[in-house]
Amino acid sequence: MTAPTIFGICAALLVGIGLFGVIISPHPLRKLLAFNLIGSGVFMLLGAVARRGAAAGMGGDPVPQALLITGIVVAFSATALAVALLLRLFNETGSVTLAADARAHPDAGDT
Amino acid sequence: MIAALNIGVAALVLALALFTIVARESFAACVGFLAYGLLLTLVWVQLQGLDVALIEGAVGGGLTGVLVIGAAVRLRSTQAAADAARLGMPARMLAVLLSGGVAAAMAACVLALPDPAPTLAPQVSASMAATGVANPVTAVLLAFRAMDTLLEAIVLVLALIGVWSLAPDRVWGGRPALGYDVDPDGILAYVARILPPIGIVAGIYIFWAGADHPGGKFQGATILAAMWLLAMRAGLTDAPPVDRKWLRLALVAGPAAFFAIGLAGTVTAGAFLAYPDGYAKVLILAIEWALLPSLALTLFLLMAGAPQRMSAP
Amino acid sequence: MKAALDIASVLAISAGAFFFLAGTVALLRFPDTLSRLHALTKADNLGLGLVVVGLLPRAGGVSAGLKLLCIWLLALLAGATVSQLIARTVQTRDVRS
Amino acid sequence: MPAQDLTTPGGLLLVLAVLVPFAGMLAGLALGGRNAQRVALATMPAGLGIAVAIAGALSGAGGELVYLLGNWAPPLGVALRADAASALMLVAVAVVISGIAVYACGDFSTPRSAREARAPLTFWILLLAVWGSLNLVLVGGDLFTLYVALELLTFAAVPLVCLDGRGETLQSALRYLLFALLGSMFYLLGAVLLYGSYGTLDIALLAARLRPEAVPFAAAALMTAGLLAKTALFPLHIWLPPAHAGAPAAASAVLSALVIKGSWFLVVRLWLKAMPSLAGLASMQVLAGLGAAAIVLGSIVALRQERLKLLIAFSTLAQIGYLFLMFPLAFDPASAQLAAGNALAGGIMQAVSHATAKAAMFMAAGSIYAALGHDRLEGLTGIGRAMPVSMLAFALSGLALVGLPPSGAYLAKELLLEAAAQSAQWWWTIVIQAGGMLTASYVLLVLAHAFTLGERSTARVSRAARIGEMAALTLAACSLLLGLLPWDAWLPPARPALSLPLSLEALSKGLWPLVAGALLAIWLGRWGHPAPFGKAIVARLGAARRAGLAVGKLIERIDCRLRQWPAASVSLLVVAMLLGAAVMVAR
């Protein structure tokens, strides 16, 4: 098996693991970690695509490699924003749960 | 042999990823994630993406890892509530089923990708002479797809504004939190004195090499930001208050220079973000030099977080 | 000459790998943080040093060799600092409890 | 290589449309303090002018503006592309942003005592950032550049949700951010698969190279599902109601009127421009089916809200559903492709009229909230007399949404009905008509509360707020009068000449949804204690009324369930798989 195939499949599994984490983790920080796992899975697939495109004396297609650099930095910005939001939420309310939502009391007020 | 090595690396990556999800404590999961990020750099080396390996190690593993570990420490008290809200078995099985389905579909797609693979490498190689740089990734980032890089610089500034907007009103214009109590004579302060000179040299070297070899402004800027962060965490320097004029100007200087050089291209070379013949390399280097301090500052401030205290008078 | 260098390389890298293995086993088996730290730092510093020494003949140039040495020194510095910090944290926690 | 891969005259306008707001954002940050607001207000006319110029350049011709950035042609380079649909959206965005900016001068001016304040500074910078990223979404021609644009849009929108820094808005913002990030990963995954298969990310080149194969099918399903999560189409609306209802009024207007349109427009772009040949009737029916469910659920839950802003937020949920009805109607069975025609025109028209009307609604609600200190429906009694301008703005925008001629929604409805008749999909006719009735029901519910005569209202309106009220009224009037503009220059010529929208027949067509809506409101609405019009009627309905309440309660429960995180994330995967299966089946 070639490296792109191995890591392509690894990428698919990473996305799967990340999705599982996003669904089941109750803690938002863990959801954020899971999101980063999905992200790195997607990036790894792009890396495999780049490696498959090796040609013209280059070890990989440079266009997807450049996209990867942009993508990783964007994912980092997202993480930084989410962490800041998480910490502010914690400072403000002392908890970070996403479950209690602005639910509009379905049982109250019917006439 | 190489295939076996790759499979081994892939298995380790997957095992760490799984640990990150199933670990009981958030702190342990974050440490696992940091190790995972570092391990990924090996994957990038195996995939012949040295530029990507550098950025993954610096940003994907390093900065993100530090960020989430810091958050996990501060959020320790929320662990119990999260443990109580665990999903039941049927829901977990459903999650396994669905995410497994998506992963299987994706793996099938990987195997169905066309052979020979489509690639832009020959086109990059044919057009690279016009840009004057020898690192193809830099040529893509600053010539062929310069728009993405310009937008990426804006993304970082915007994320920083988003982080700042989360400050409580009373400390607007103040400084980010210091973080820890540190011993001014301790080992951390010692390292924070001797490491930054080395780190600054290394960061600028990686940046400077980026025109022709793997490396570049993001990788370099990350190292510079990390050095500053180290000095701040060791109590040697402080983060600047967010309302300083010089700070604001330094933040926008890089993207603004990028804008200006791009717009100049409409006059001198007939298109936004085009470079006139013979000046491409000079202008690309000018953009990179302008971006480096802005990027380092933005990354540092993103790591430092929202303002939390008023500056000491 | 070349064969001798190759053999030296292989020996040094293998020895380095062995130290890493020993350190990892210690990390998993030792009972408390301080002794784990004790085993880990020594094994890792030496292990990495041996790997670097083994790689030096294959570095292909003086500047590449110097970079390898720099990496080792930086890793040493980072390892020493972090183990100091961890040890101090353990100490203060023990005093407090 | 397609012939259009050259920069067209006027292409530079597309660059400017993106650059000017971002330049304003950087300048606002650099200058700081009060200057951020000044820069933003100065940017408005410039951006408006650019958008109008783009629309002017595209009128009549039915062509496309293309700009090759850096003179590098795709697939190596990145192109910006705009057609008439993008141009109309660009103008709508510019108009709505300008209206919101005028309104926000009341709430987001730096106080005299401070040199710089957090909320005003960040609001104006984020407003410009939303504008720039929306323009980029509208003119981007490259799937990865569009990914960056979507992320920019998210990063600009999320902090707007929690500008007031209260715990519950922070929580809504976090949910929004996490779910939107999940959506962008799906989108990016699809884009990566497309690059791996065809070696390009350019929309026009992809359209030429795509083959009906497994990989692009999966990519289409993933990208669409991701974008639906960002648009908050049912059942992926986990984040929308609390985020849109909790934000400051000006921010709610931005989020509800504009931000969700970005990812929606990208779905349109994707299916009509990048992969029209992949679309099968089945997948398009799935999209519109989710839309229909959104209309029913959103409207009925809206009817049961006790707070005005939540009601408007749920109305957005329903209206998002309406935006997706165009997809199966755009399917042309002869060529087995999606074709731009009446359906596309109707969809764009609906988006434009919803943008103007919804911004006006949130702005009016914000004025009312500011004057009363709350926005409980029960407490609105008499507000119609105390704040006539705001209530007029609300009423006009509500009627415009219902589709009363000559509103844009009326035109949109006619176009969609025409498309449904042409493609013999009678079931969508029913949904379209029912949508109008349901919209009428919650609009009338609010109006009934507001115009009930009762005790004098305590509302107090400051002078600064009067300007904001006028801004809301202007946008509402825009929405109501949209149908009178000369659309022939931009909308595809396949459209039959519309009857003069003010004819008697048209008016009667517009009136009957109002009657049906009133009945629905009486049947399903939750009437508070100072019983507004017709308590007697309500009492006499007896059993039917109880059944209506039970139905409403059930639907509200379902909605609550779906908006829990695990359910929503599972829904995302299910929607992706459903779409994937539907795309496969069609071939």
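Observations on the structure shown:
A, B, C and D are the chain letters, set down in written order, and residue numbers restart from 1 in every chain.
Just so we're on the same page, contacts are C-beta pairs under 8 Å (C-beta built on N, C-alpha and C of every residue); 3 or more make two chains touch, one makes a residue touch a chain.
Bear in mind that the values here come from a model prediction, so they are computed numbers and not experimental data.
Highest inter-chain contact count (C-beta pairs) belongs to A-B. For the pair chain C and chain D, the distance between mean C-alpha positions equals 58 Å.
Centres computed as Cα averages put chain A at a distance of 26 Å from chain D. Taking each chain's centre as the mean of its C-alpha atoms, chain A lies 33 Å from chain C. One simple way to say how far apart two chains are is to compare their mean CA positions; for chain A and chain B this gives 14 Å. Among all residues of chain C, none touch two or more other chains. Contact with two or more other chains is made by residues 15, 19, 23-24, 32, 45, 49, 52-53, 63, 67, 70, 74, 77-78, 81, 85-86, 88, 96-97, 99 of chain A.
Within chain D, contacts with two or more other chains are made by residues 76, 144, 148, 151, 155, 158-159, 162, 165, 170, 189, 193, 195-196, 199, 566, 570, 573. Touching pairs of chains, sorted by label, consist of A-B, A-D, B-C, B-D.
Across the complex, chain B is touched by residues 7, 12, 15, 19, 22-23, 25-27, 29-32, 67-72, 75-78, 115-119, 122, 125-126, 129, 132, 136, 144-145, 148-149, 151-152, 155-156, 158-159, 162-163, 165, 170, 189, 193, 195-200, 213-215, 218-219, 566, 570, 573-574, 576-577, 580 of chain D. Against chain C, in their complex, chain B makes its touches with residues 186-188, 190-191, 194-195, 198. In the complex of the two chains, the chain A residues touching chain B come out as 1-21, 23-27, 29-30, 32-34, 36-37, 40, 43-45, 47-63, 65-70, 72-81, 83-88, 90-91, 94-97, 99. Of all the residues in chain D, the ones that touch chain A in their complex are 76, 144, 147-148, 151, 154-155, 158-159, 162, 165-168, 170-175, 177-178, 181-182, 185, 188-189, 192-193, 195-196, 199, 241-242, 245-246, 301, 304-307, 310, 526-529, 538, 549, 553, 556-557, 560, 563-566, 569-570, 573. Residues of chain B that touch chain D in their complex: 87, 91, 94-95, 98-99, 101-102, 105-106, 108-109, 112-114, 117-120, 123-124, 127, 143-148, 151-152, 154-155, 157-159, 161-162, 164-169, 172-173, 243, 245, 248-249, 251-252, 255-256, 259, 263, 265-266, 269-275.
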